[in-house]
Structures are given as C-alpha cells and as structure tokens.
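The same chain A turns up in both complexes below, where it pairs with chain B and then with chain C.
Here is the complex of A and B:
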C-alpha cells in the first residue's frame, strides 16, 4: 500500500454570511421608479388607473404642504403605538407563560388556535358596540390583531431554546428563576424580536381597517377617503406614506435588535 | 334532415344576432327600479338589447366598473368619487335615476333615541351634532352639506363620522354613537317603528335634489351611439311604466307585478319595496342645474378636483326636455 500523499484542500468554509450592500436597495428602487415613470410618459399606463411617480409625488407634496400629513401621521402613530404596545406586551406575557409552564401551554394552544384565525376586520361592527366609535375601538382592533402573532412567536421562541443549554445550567445547579433569566429569555430573544417585526407590519395593515370607523384623521382614513373619491394619485400617496412608515419601523426594530443581541 | 338542422342553426344564430348584448353595473336597491322593470317587462328586449345585470358591492364600485370596461352602463347615486371619474373622462351622465322630489318620500332623517331625548327633534337643529355617514363625498354627506348651507350654519369636518357601510351607520345611530343619519327607505321607517331611533323628517322636504343618474363611458357614446340611444329609449319606457303605476296617486293596474319584479332583484318583499320607492322622472329627465350645483358644492368642499367641468359630465342629447337647464 502506497502512502497517500497529503492532498491540499481548498478552504470550503465562509459564505452564508450576509454582508451589507448599501447601494443595492436604492438602485432597485430607482430602477423600478424609472421604469414606471417612463411607461407613464410613453402613455402605456393611463393616469386614471395608474398615476406616474411624479404625479404621486406631487400629491404627497401638496398633502405635506397643507399640514394634513402631520395630522394624519400623528393620529395613526398614536393608534399603532398604543395598540401595538398593548397587543405585543400582552402577547409576550401569554406566549412566555405558554413556553415556560405546561399548564399554560395545555390551555393556551387550543385557545390561541381557535381565536387567531378570526378575521378582526369582520368583527368591526362588534367592536363599535363594545368600544364605541372613538379611539378605543381603533386601538382594540390593532391590539387584538398584534396579540396573537406575538403569542405564537414568543411561545415558539421559548420552545426553540436549545435543551442542552438548559440541562447544562441545571447541572451547574442554577435555580429555576436564574435559568429563565440567564438562559431561556436571552435564548428566546431573537425569536421574540422577529415576531415583533411581523406584528409591527400587521399593525400597519390593520390601521387602515381600524380607521374605517369614524376616523377624521389618520393615514388609513386618508387612504379610504381618497379611494372613495377616486383620487388615485392621492390614494397612492397615502400608500407611500404607509410604506415609508413600514420602512422606518423596520429600521428602528433593526437597531433595537442589534443592541439587544449584541452578545451574539 | 341535415338541411333542417342547418336551417334551424341559422335561425337560432340569426335570433342571437338580432339581440345586442350589453351590461349595466348597479346596486340591488329600489332606486335601480327602472332597470329591473325594463329587463323583466321586456322593454330592453323590444329595443333588441339583452342586458346583463352586474351587481356591485358599493356605490363607488359602479362608475369604476364603467371606467374599467366591465360594464357598458351604470346607474347609482351621484358622489364626489363619481364626479372625479367623470372629470377624468371615464364616465358621462345620459339620463336620470332617482330624485328627491318635493311631495315624495324617500330618504329620511333618523336621530338616535339619546339625541331625541336631549331635544334634537327638528331638522333645523343639526348644527354641532355628530352626523353618521357612509363616506366623505357620499350622497349623505352632500345632503347634510346643502341642508347646512340652506339653514345658514357651517358643517364642520369634526362632526362627521365616516362609517364606510350602511349597516355600520345604522348600528351607530341605534347605539347612540352618532346623533343623526339619513336612512335609506324602508329601513328608516323600520327603525322608528322598532323604537331604535326617531324619524324626524324627509330629505325631499328639505333638500330636493337629483340623487342618481344613468351613465356610460364617453367612448361608448362616441363609438356605439345607437346602442346608447336604444338603451336610453328602453330605460325611458320602463321609467314611464314605473311612473304610471306608482306616482299617479292611486296604484296602477300593474303595480303588484312591478313590486314583485323589484322585490325579486332587491332580495326584499313587495310590502317593504312599496314603502321605499323613490321618485323616478317619467321620461328619465335630469334636473341639470342641480348637477351643476352638486359639482360646485363638491369643488367648494375640495372633494372634487377644481379642473372638473360640469359641461363635460353630462350629455343632454339622449333625452328630450331635460329640466332646469343652466343658462
């Protein structure tokens, strides 16, 4: 048997590592807007059905100039902020309880499965009866809509904490409260935070539904109003505001995530 | 044998060719009655038209269906959204639909029991009260706006509650979350009878106006004018039959048959339909000045773009003898 000579092997590690490409999203946005504007200018998109980016920008500009943009944003941010905080806080508490205690889990899973799929929008008339047509019904719509996804993500995050880490803490003789504080909660944090991203987006979707009921101001109310009045350029300007709000909330959550998970 | 089959096939296809297919977008409401009467009593067929009814979910969807080419004609109430579409050249009015006409009863003002107990018992007391609407720019909004103008008070943005749908609006007045709404008949009478609210007046007695219209796309008028002419003629015959049976004091001899037809299409019962019939002009004539006034009011309230020109919104050439022509 001949001794096989050592064979040099190329380094196969690396990759699968997201690295920032700051210019890419801007370029993609610019390309989409450019193509859209060109299609409008060439008359391929009738302005009745699909106004050009310039027209939408003009509508957004006049909305900002009138001072109404601030009022709409303020009203919506208040509803989203309060509704999401209530829904996410309650959802986090219930989800963690379900992850930690067998009893809470045994009761919680079927209850959540039964209530999660109820369409909150279909319950709006009921919310009018329960909470009236003022702010409470709007906040409740958003809170209820964000509660269930938060429960599911928090419960799943606790469930996914590696068992061997918990066993190790136990073998070192840590008390239960310490294990929860030092192992389970930090281990569940990434899952909880990605759940927050989803529930924040859901809050933005639901703000339009929440503002269907007697809202004078609000981005959702503005979108509904301009849709009813067939002012498509303004309708899309409202949608742009909602998208920008989504981007801003995503960026803030990204920062929070980076700070809270700096130990990774 | 073969020859007979061929002849029969030719005859069938010939009959099909004679009938022009067309479609109309509308809501299943009594205000669309002339269309239902026209279809079921054969007025459209007599003009060689086979009309498909396309029922929409909301008034806003009706002109949109014309703009998108999903239907040739539409009938519904006139809203800010309608005039914006008309101003962009997507739809044009050719004849009238329902009208709030003095002496006839259609929509009613309904106040909540709570507001009534507080002393809101007359139609001239709505200043500062919370008003339930479907949407800003709806027919309901317009009536309250004109009422305020007539009575010399200001309709404030803050007193309007847009609730999107008629059921939500009815729920809000029953629950006392808004002080006043306009109820479409016969819901208004039903609410009053059930003690869920109080009917304190009729819209027609305070704000007579051209509530709805029959319209089509300017493109259809330009390219298929004979189709529009035939459609309007059949629609006028149906309106005349409606008028003869319901608007001449005593019910006409076919009143029951027409009630059955309207009830079938509105998914209601004849008695309920009878309590909620709107005034329909017997010749489908428009009150043209009123259309101009509506556009002016919508522009003044920034609901309709300033560029919308009333002259391009209406085509007066299909119906003879329109009323109140602007000078």
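Here is the complex of A and C:
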C-alpha cells in the first residue's frame, strides 16, 4: 500500500446485544392500562361490555372483601392440587419406567402416542357418568390431562441423560440401582421439572373448563356465572385472578427449579 | 497387573472397526496407543475394560492388584464424564460409595486423591466452575481414589489446550512414578506418545490393526532435558512417518457407518 496519512479504524461492532431495560415493561403495562382507562372515561368503550380497569379493580376488591374470592380460589386450588399431584406422580412413575426398561418402553410408546392427542376435556362428560358430577370427575380430568405430558417429559428426560455418564458409572462398578439413583434420576431432573411447568399450565386450563360444568364454587364456575348475569366487570376480575394464579404457580416452580438445579 | 488382549476383533454392523489385535501391557508399563481418528482406539479401550463386548478374542488380566484396590481396570475419559450436580469431592467419592468402607476410610481416600491432584481447595466446588484442566484433574482423582491396577485413558488430554496439556502430563508422570500403575493410554497426539510411553503401539487406519511398535528407552523423567531434545524430535518424526499415510487416507474417508 502506498504511504499515506494514518486513518483511524472505525468501530463497526455495535448492536445485537440486548441489554436490560427494567422500567420498560412496567411503563408499557401502565400505558396500556392508562389508555384503556382514558378510552372508557371518554365513553369510547361501552362499560356494559368492556368495563374500565378501575371498575374491574373495584369488582376484584368486593370479591375479596365478601370472602367469595377465598371460597372460589380454594375450590380451584384443591382440584388443581389433587389432580395435578395424582397425574404428575403417576406420569412420573410411568415415564421413568419407560425410560429405564425396554419392555415398558415397547408397550408405553404406542399407547401414549395413541392417547396423548385426545383433548382430555372431551372425556369430562364420560367421567361425570362414571364418577358423578361432583369433585371426582373434575379431579380425574385434571389428573388425566397432566398424566400424559408428564409421561412424555419424564421418558424424554431419562432418555437424554448422557450415555457417557452411565458408562462412567459402569466403569467404576456401580450396581444398576445405584446408577439409576445417582446418575439417571439426577440427570433427568431438569427435563422432569420443565415437564412440571407444562403440566401445571395444562392443569390450570382444565380446572377452569371442568368448573364450567356443574360446579358451585371455583374460579371457572364464578366466571361462567358472572357471564350469564352479564356482570362483565366481575367476569374480568375472575380472569385477572386466573392470570395471577398462573403467574404464582410459575414463580413457585421457578424457585423450586432454581434451588434443585443450583449446580447448573 | 498385566493386561492381555488376544485376537480382538470388533464390528459395528457392517463396519469392521478392529480386525485382529494382540497386545500385552506388562505390569507397571505404560503403553501408548496412537492411530488416525476412527481407527478403533476407543473401541479397543472399551473392550479392554469390559465396557464393550468384543466380537472376537479375549481380554485377561494377570498378577496381583495393589493393596486396597477397589476397581482394577479404571478409566479416565476424554470428556471427563463428571456429574455436574456433584461437587469435586462428591465426584471423587462416587467411585467409593458402593464399596464397604467406613466413613473415615472414605474421607481419607478422597482427601489423599484430592491432595495428589492439587484439588484440595476445590473440594466443594461444582465442575462448571472449573477450567478444563482442573476438570480432568477431578477425573484423575476419581481414578486414583480406587487405587487402580490398570489405568485406561482415552485421549485424556485431547479436550485441553496445549499449555494445560503440558501441566497435566507432568502430573500424570508424577502419579505414575508414585503408584507404578499399569497404563494403556490412547491418543492421537505424537508429543504425548513420545513423552509418556514406555512403548508406543501404532494402529493402522480402519479396520484397525497393529502396524508397528516402538520401545522408548529414555527414562520418562529425563525426556524433557535439553540434551535429549534431538532424540525426542527424531522419535516424533519416526512416529509421524508411521502414521502419516494412514492419517492422510483416514482423513479423506467419508463416514459410512
């Protein structure tokens, strides 16, 4: 190159690095609520069909004050808790068995593939005929709905445990039971836990749907009732309760995960 | 303890990985096995330690194991094979937990192994917090904690950078000097072979056979001395000539397995 005056090298490596903006989500949230409230105040939204945030907040407040919130939430939580525990425990047992034993896998994969796609809510009328309209049919729907995704995630989690770790354990002469306990199960834990997140969100969907048939209490029943009465502010208050419930479940599972997988 | 492989052959489906290998590693001897990648070195090592059933042939050991030996044939892996959910101490203890030792015997052994590999202050650290070299030291500690008779090392330094490799070679030599362990050491690195082996066995490309064997007379502790530099360079050049053609052909092979 011919001799010439030195030129500075221009910086061109900027961008493509997402940096946190902690205030942005809150601001966006506040802006949406503010616009909504302003539109309601200006009469642009008919309050019968789309009440303002303030009205929904007031409905939520009276729901809590009357003690109905506790009753409805308690009924829903009981059904989720029982159904999810049953479904996840059974699913875990079956999924781990499928991951560990060839026979369980050979039988399990076709059966699970055939039954997994059935939308479990479609079986609620059948369960009502079998178990009656009370709690058992609702719990059974949730249990069945959470069972299959848990099977699939537990099976996949065991299958994904690195082979080299199992070979290592074999090379040190660990007995099979010890390999399962010390290598396979801890190795499968991350997959199992992320399966729990999925099944918990399915349980939330199913409890609302199940409560819309023949339930006196439960957030789903409350939403159906207020809808029939055209009390849209109370209906939306129920929806807010559901989304808070979903957030809370997700946060709790996140905490559990962070603690159990603190080695990551 | 001796390790004797006779008439070993192995196939994966239609692919013949090893054709016919006879190899004896004498007690206290370090045999380095080199060969182009894909020639069946890992397969042979898997067969040697009973992790893989050979298609044909026999694997035998002869002679007494050292006092306190819990796992005569013990591996050190290229990818370290550490349990990420266990601390350094826990990974080393894993090799002992299923043996009937008292808690204090176990703690003593773990502590001695950590001291030998310079890991004492890292006992409670998780693998992800360690550098590659330190992780392989954990792999070494886990191997020596069972007082092995025969070490089977499958490219133990291949995942490490050149400087770390130098440091670990020195550590390995120090451990071998102390424990006089028999070792079968697989690598594709000629410098490692020349530095660590009492004998270097060269394998052909797939299907793997033993192509040649080279005994190295220089004592291992002295090989880094400047006066031996020429002899070492000559040794590496001879090794390279033995595998150059094999490596060239093996490199151009399209995977068909």
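The rule we apply is simple: the second predicted complex is superposed on the first by the 228 of 264 C-alpha atoms of A that agree within 3 Å, B and C clash if a C-alpha of one lies under 4 Å from a C-alpha of the other, contacts with A are read in each partner's own complex, and residues count from 1 in each chain.
In this section, a residue touches a chain if its C-beta (ideal position, glycine included) is under 8 Å from a C-beta of that chain, and two chains touch if they have at least 3 such contacts.
For clarity, every value in this text was computed on a predicted model and none was experimentally measured.
After superposition on chain A, the partners chain B and chain C are accommodated together without colliding.
In the superposition on chain A, contact is made by A:212 with chain B only, not with chain C. Residue contacts after overlaying the shared chain place A:21 against neither chain B nor chain C.
Contacts of A:229 after superposition on the shared chain: chain B is touched, whereas chain C is not. Of the two partner chains, neither chain B nor chain C is touched by A:7. When the two complexes are laid on top of each other via chain A, the two nearest Cα atoms from chain B and chain C are 50 angstrom apart. Put simply, chain A uses no single residue to touch chain B in one complex and chain C in the other.
Across the complex, chain A meets chain C through its residues 164-165, 167-175, 178, 182-183, 186-187, 189, 261, 263-264. Against chain A, the residues of chain C that register as touching in their complex are 49, 51, 70-71, 73-75, 77, 79, 81, 83-86, 94-95, 97-98, 126, 128, 142, 146. The part of chain B that touches chain A in the complex is made up of residues 60, 63-64, 67-68, 79-82, 84-85, 88-90, 132, 135-138, 157-158, 160-164, 167-168, 171-172, 175, 177-178, 303-305.
Chain A makes touch with chain B in their complex at residues 47-49, 124-125, 128-129, 132-133, 212-216, 221, 224-225, 227-231.
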